[in-house]
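I have placed the structure first, in the form of structure tokens, so that the comments after it can refer back to it.
Chain nomenclature is as follows: A, B, C and D, assigned in order of appearance, with residue numbering initiated at 1 for each chain independently.
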Amino acid sequence: MSLTKEQIAQRIARELKNGYYVNLGIGIPTLVANYIPSGINVVLQSENGLLGMGPFPFEGEEDPDLINAGKQTITTVPGSAFFDSAMSFGMIRAGKVDLTVLGAMEVSEEGDIANWKIPGKMVKGMGGAMDLVASAKNIIVAMMHSNPKGESKLLAKCTLPLTGVKCVKKIVSDIAVLDVTADGFRLLERAPGITVEEIKSKTAGKLIIEGEIPEMQF
Amino acid sequence: MSLTKEQIAQRIARELKNGYYVNLGIGIPTLVANYIPSGINVVLQSENGLLGMGPFPFEGEEDPDLINAGKQTITTVPGSAFFDSAMSFGMIRAGKVDLTVLGAMEVSEEGDIANWKIPGKMVKGMGGAMDLVASAKNIIVAMMHSNPKGESKLLAKCTLPLTGVKCVKKIVSDIAVLDVTADGFRLLERAPGITVEEIKSKTAGKLIIEGEIPEMQF
Amino acid sequence: MNKVVSAADEAIKDVFDGAIVMLGGFGLCGIPENCITALVKKGVKKLTCISNNAGVDDFGIGLMLKQRQVKKMISSYVGENAEFERQLLSGELEVELIPQGTLATRCMAAGYGMPAVFTPAGVGTEVAIGKEVRQFNGKEYLLEHAFDADFAIVKAWKGDTDGNLIYKETARNFNPLMAMAGKITIAEVEQLVPVGELDPNNIHTPGIYVHRIFQGSNYQKRIEQLTVRKAK
Amino acid sequence: MNKVVSAADEAIKDVFDGAIVMLGGFGLCGIPENCITALVKKGVKKLTCISNNAGVDDFGIGLMLKQRQVKKMISSYVGENAEFERQLLSGELEVELIPQGTLATRCMAAGYGMPAVFTPAGVGTEVAIGKEVRQFNGKEYLLEHAFDADFAIVKAWKGDTDGNLIYKETARNFNPLMAMAGKITIAEVEQLVPVGELDPNNIHTPGIYVHRIFQGSNYQKRIEQLTVRKAK
């Protein structure tokens, strides 16, 4: 069975290490915050100028001056700090953010990522995505393995305009966990009930399969 | 009679315009603060991170965390703001400081200034002087017209290592006020009792004398 | 150094047709609502607007778009509104999309007198087309130039009569960066206080950067994405 | 994200011989007194110190100079002490003098992940020797590189257990810039408070930049130039 969005987020959450500063993109990445393992203390960065993002506010307690990069109302946790957008991207660029999780439309076997533009469609902009992928030391992509037409989104080369080159380190898709290595996608885990063959058939880019591939446990 | 240091400061103070943000260097420039004409409101910037510098503190009220760029204990005026050294030099570099007053060992007829190093002597460093002269839009130099040996300090070319090139706009010396123009030093005023001839004889660089040169009034 | 003007109309009175105008805010958070209303009323045209976003159909910069006052938008993320999309697709509106960190840093560069900066954002993408690429320590960077804006219009939480500004929470965003970057900087504030009331240690934008300040009014502070948890 | 260590000795325990160390402060104002004492005690040698000044004979970095722990000083203004001068003239000590704004900006560049910046300071002077000069809008600038320091040691007024820092008055100076720039950043504070006690709007250095923090003690806060007015 393919993973649900929640399970993708849950699997990514296992990559968190104690003490990490983490930037979570819009969509599935945001859900990662709900699955932080107990005993693991992380600080969430929101690139619009906040370290120490907390959960959504209780009804009636929303504050229009306090939003995340997805423009959602949020709260802060004790120890939070506000800063301007230059410092925010400054700390990202300087490698102070330990992990960035974001979505992708395509990832290439070299780690290129495309997630901001589909030619011919209305283009809304890259927001902070290009800064994040160019700067983060550790980037995990949360994505569907195939598009709605059933075509693989893990490619030899991206077909869409790039967001960044050679930057993705790991992919957690709905059917697999893969590292992006110098030699291509390296299969690490498969979703419960998903066979290696299925992952192979759905991965257009170079796939490395070595030894037994364990099944994810939830 | 040559001007005293206080008179040099007093004469420079007349250059202040209402609303100016001003950086005053160490020495004679610091004295300018004592002669700000009434009705003229200026804000003093200290490049170690303060806008709104006030007078020295009363005895016993000195605060070791509150000093100026000369490391003297100071106070603040209402409306002051503290910031880091990068922002401080950022606002200088961006031309937000309207006037910089500083001392000089030599000035050339092209507006080059030397005020930080005498070869063969112990060199203490340029501090913020190179940033200030390279960035300020309006630089007035407070200086003695001649050195203790009687040699002119207003030269065709500086002999000492430069602090900045083509940056000085005006000089107030102990015997004259001069503009630095594309054609050389232009004599504007002479100290009380000082003749044009004397200024001529004490100015090694090209001196432009046009029309009647008024005597400064104190 | 009193910088106080009476209201938004007076603050923006010399914004001219064709001006380059920076507008603070992230989404609808921390936008200069009063000045935008005044710009719409004034009807000034052919503006180049530098702002992270372009408002929504009926609020923020969207109001200026509706009046066709904007010739060009320089933003990182746009298109939360239909009129914007229509103008863009019909060629009435020019849009330059740049990475958000690049946008922020080009503002800061202007405020700090740095003519250009290097950033890795966009290397290898279409953003890099026509730009100088340079390697430092084995990594590639793009050379990006400081903005040169005629006006910066920002919104702060508190300000004093000398123009010192303090922002609240994430309504800070681009505001202090743009405040540093305008040839003329205009600040509207929720609370205008007498000089001396703000703690000098906590000033985000020193008054030297601000040319005009006024007490804003009737802030709507619209929320774009209301997300809440159910009762405690 | 607790960053608290017990004291200066523990905070600086891994500063190694030959390390590049940034030290905050302007003159003797805002210097990390406790860490300097600990570095002297530890006796670590051959340090490259990046600091605006070099202390005085019997205080600040002067104490480290006296022990001959410093191989090289990178500063804008030095030599308020005789031992410094002796070591410099005898060739025991290397000194690189750079403009103060350049020093500040090279720290900031490191903290902001900008490999290099352009500044007009020093153009046409001996500071420009060997450096790339580039013209923007008719003005010349020098290309100056970000610092790459192993440790940044700073002093703040208040700090919380997560490493968020607030500085007091002009004791801020280079401290927040260096705090951003160290591979390892060590902060000593006058008041260490529990997380949540500092107003998130007023943090000067967000905790993400700080690796270790401790409550300092016995601050001398020496005044270099006592200047006062006579009684009121």
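As a working rule, contacts are C-beta pairs under 8 Å (C-beta built on N, C-alpha and C of every residue); 3 or more make two chains touch, one makes a residue touch a chain.
For clarity, every value in this text was computed on a predicted model and none was experimentally measured.
Of all chains, the one whose mean C-alpha position sits at the greatest distance from that of chain C is B. For chain pairs A-D and B-D, the one joined by more C-beta pairs in contact is B-D. If you average the CA atoms of chain A and of chain B, the two centres end up 56 Å from each other. The mean-CA centres of chain B and chain C are about 36 angstrom from one another, to the nearest whole unit. Mean C-alpha position of chain B lies 28 Å from that of chain D.
Among all residues of chain B, those that touch two or more other chains are 76, 82-83, 86, 89-90, 92-93, 135. In chain D, the positions touching at least two other chains are 105, 112-114, 119-120, 167-169, 172, 200-201.
Listed by label, the pairs of touching chains are A-C, A-D, B-C, B-D, C-D. The touching residues of chain D, when paired with chain A in their complex, are 1, 110-114, 160-162, 164, 180, 195-196, 200-201, 203, 206-209. If you check the complex, the residues on chain A that touch chain C are 46-50, 55-68, 70-74, 76, 82-86, 88-90, 92-93, 112, 122-131, 134-135, 161-166. By the touch rule above, chain C contacts chain A in their complex via residues 26-30, 52, 75-80, 85, 88-89, 97, 99-105, 107-108, 119-127, 157, 167-177, 204, 221-232. Put simply, chain A touches chain D in their complex at residues 19, 21, 41, 43, 45, 51-52, 76, 78-83, 86-87, 89-97, 135. If you check the complex, the residues on chain C that touch chain D are 105, 112-120, 136-137, 139, 141, 145, 166-169, 172, 200-202.
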